[in-house]
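Chains: A, B, C, D and E, in written order; residue numbering restarts at 1 for each.
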């Protein structure tokens, strides 16, 4: 208790799920590994804080934060307006696009606008046309998404009742149903999907249609604090900015996702797409 | 400002409550279907346990061992994801049924709870005084008559508290169906939580719904218990025995 | 990530890439949690069953209400309330006595207490059913011999009740064994949580769910063997049927 | 009517019946006397196979009991249906009464007629009331067994046994819980049943009954029939010494 | 030794005991006779409060039973401990025996001496064996109750009641399941207990016992003491007509 006492000497307890590779997962020896464990270590070192990462169920995580059992969440939480009401977010340390994934031999595999960037923060005729085509392709289809993700918001707003949406508790389950053919496609974060497609099971899957970003999908992945913990949060904000600027985030992304998931890269791509 | 926040709170809770209540039929349907299925199957299992054929007994024992011994959650996963991973199931004639998460949840619950109910019934069967069954034998009652007239009523009476337990547990177990995308009371609650992060408030609302359901069930069971044994209230001979 | 395409035996083994050790430790923790909560539940459950039969109306009503609520709300809620609510409550109580807030109780304690509180409600019902099965004449014989309540309970009622309640009590135990999985949200690495983590981390859900099933079955076999032994002792006097 | 040959039965190695042969012609009333634990109840229970004899043959009304020998030489029921109909034609009053505790008195009495013999419910109820009246339990039709005194339970058990009009009746100490007045009534009842030509086996300690009503008296001793004969002989000067000792006690 | 005054008891509105007064001096042996359902068992059960009387007073060995009247005027136990010790000094043989089915015969007999009276186990076992021998159950110490015949169970129940050396003994038809030989043995046993100066209340249908052993005979009829007196008077020409009718049955 002394060690975890007050002030700046206190060990910060960081909550994560630990079953969401490659963002964060657990090794057989119980060690947490993945993008976020690495990244939190780097941030804490920069801030000269001692941090301890603990794994817990997502169901208990926000409660644990609110009751002070943990001090921050590093679990690839996407920033959304709803979440911002109860959590205090830092600036994003990653910004990934959502991709549609389906079985290679599924009709949706040939969906229009393959690989094109749909940026919902930049409305215009191009976006409207793409949205129309997307709606057409997905009409009457079953799309699976992770329940606590931000993608269901997006799908609901964009597709309305055109497609039916299934909610999964973990991505692993959703992936299974995708492979089993219970759902036609999923919308998921590219950083998660790329490594999956490289595995044996993932070989049957393919990305299809446009890549989506912005709008209801939120403003990237960020650390979450108690709303009142502003001092701590701004310290981390600074550290995040610095690590983005010096390329640390880019390096980590290439290591874990085989791509650069930093907000800077996303910004560049979005600019290019226009 | 505080008033506005409170208003927002009230609207949120009211909306959530409404959404949750709309999901009650799913929960209730799942419960009723699997309760009936599990009771019938459980009765069958007890019959099999007392059967003369050793293989029949063995199968019943194995069934109970497997389904009582593993968590329902895992069973639901295995029925839903596991069976679907098998080619024959996916190509077979039952795929439309197995494709449906509600069906899979019902199937897993029926199998799992049948094992529990079989145990309860077995215990009650053993508690029936031997003389009562002998008297039935002695007047030539066949298996079915004996069962219907003597064994079942006494068994029911003896089993009712524990059987009621099982039913109440089943009501709540239906919530596990939400893990395979069924939008029952829990599924809806979790959806709301996923967006609002108000875990405790929303859970308490859902808990209220479950409490209502189980409360009604408990009342029903107590009524049944009183009906089955009207002399209990006479306090016959209980003068100082407590 | 290198784990992903490893063969099953390596993933389940006890080597550096194997989850065997973690899974077994998870099973041990599950067993410990269940034992603790079963004990809490038995003691409280027996008290509740007794209170239900009490002639003091308020006591009986209290016990009934406890049963209705604890059996009625999802176990997860009890775990959540205890896990998140207990520190606040303890701090408030400590505050009353002018003591510093004691901080969070260990997750194991809250977990087993939460499951135990629920288990008690179920066990009370089971005991009540068992009490019904004791022939009244035998209790009267004990009364007539001048046995006090405790003696009567220990020597006459309990042995017979135990015999009758063993099957349903076995059910509650199984239920406990699995309910302890709910404690996962507190981050305790019990079997369910460990297998979920392993399944997620390696993206091999079946393998680990199957492994968890086998481990649960092992726990079950172990406990059934114990239950059967106790039951066998009883069936001597009851006559085998 | 009844023929039992060479009935043997052991419990856990202790031989309780050591070969009992007994024939009963239609209309016979046989009193079975004997010391406590001599095997009377066990014998009676063997006759309708509530207890499976280790060895022996039984036939009732000319139909042999459906018994076969299994691989290990033990007897076992070969035809459950035949056994059921054999039992349906037999009635038994148990030593411990064994009333069904979840049924009211009236339901105890009508259960077998209605559900085994398919009698119409109204008829069964009517008959049951008459029977209850006859054993002095007319006012208790709606009582539960646990509300009855010992003697009352016993009388209900007798009424229950009579309700199916059985050809063969097995009574295990049917008057043990009764006062002299009731004993007389019940014995009168049994006497009238005997007059109707029914076959009865009665385990009893009532010497008066054995002497006055039965056509034959059987003395069981340590699992064997020690002696047997018409009452005049058994209670006369030529009785076996063992039976005389038993009586003179 | 025992004084019961104005005992009344109803079951569901039906009055079963309608005011019974009975005094028993130390060493008295009182036979209680009466028809089936007349309330004998209920009266006996009221004496040690297994059945709570509606009205009445009871005192045993000078100590009044710990009863008080509650708000509604119903009797209720005021002191459970006192009741326990009152019961510990009283023994009862039940009409239905009520052996503890989860205990072997020997454990049934030693349970009360060891656990209620704190007797050393060895001593209790030794005494138990002697008692079992005395009721002719010497060879059955290790049997389970369900393995015993009716008469054997009854004898174990008697041995169990005697094991605590009780001052007051309540017997509810203690020889109902026994053959004449055993009846004689048990009655001899009770006679010797009487000679030791023990107080006994015996519900019985054995007229021989009532006449030869008891110091007083009580005739219960429809919940009342119809007549009462020493056997010489009750079985003599001056007996009440009702009792004579009862006997002559």
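FYI, a residue touches a chain if its C-beta (ideal position, glycine included) is under 8 Å from a C-beta of that chain, and two chains touch if they have at least 3 such contacts.
Keep in mind that this is a model prediction, so the values were computed, not measured.
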| item | value |
| --- | --- |
| Reaching subunit E from subunit C through chains that touch each other, fewest steps | 1 |
| Touching both subunit A and subunit B (chains) | C |
| Farthest chain relative to subunit D (centres taken as mean CA coordinates) | A |
| Pair exhibiting more inter-chain C-beta contacts, B-C or B-D | B-C |
| Length of the line joining the C-alpha centres of subunit C and subunit D, rounded to whole Å | 51 |
| Approximate Å spacing (C-alpha centroids) for the pair subunit A, subunit E | 83 |
| Distance between chain centroids, defined by C-alpha means - subunit B, subunit D (Å) | 46 |
| Separation of mean Cα positions, subunit E and subunit D [Å, integer] | 30 |
| Subunit E, residues touching no fewer than two other chains | 11-12, 45, 50, 96, 146 |
| Subunit C, residues touching no fewer than two other chains | 76, 80, 84, 135-136, 140, 143, 205, 238-239 |
| Where subunit B touches two or more other chains at once, by residue number | 77, 81, 85, 129-130, 157, 199-200, 234, 236-237, 240-241 |
| Residue numbers on subunit B that touch subunit D, as the complex places them | 129, 131-132, 134-143, 145, 148-150, 153-154, 157, 228-229, 231, 234, 236-237 |
| Complex contacts: residues of subunit D adjacent to subunit E | 11-12, 33-37, 40-42, 95-96, 136, 147-152, 155, 173, 176-184, 205, 207, 245-247, 249 |
| Footprint of subunit C on subunit B - complex, ascending | 65-66, 68-74, 77-78, 81-82, 85, 116, 119-120, 122-123, 125-127, 129-130, 157-162, 164-166, 168-169, 172, 175, 186, 199-200, 203-204, 206-207, 210-211, 213-215, 218, 237, 240-242 |
| Complex interface listing, subunit E residues touching subunit C | 45, 48, 50, 80-81, 84-92, 94, 96-104, 111-112, 115-116, 144-146, 160, 164, 170 |
| Subunit B-facing residues of subunit C, complex | 53-55, 67-69, 71-77, 80-81, 84, 122, 125-126, 128-129, 132-133, 135-136, 139-140, 143, 164-168, 170-172, 174-175, 178, 181, 192, 205-206, 209-210, 212-213, 216-217, 219-221, 224, 238-239, 241 |
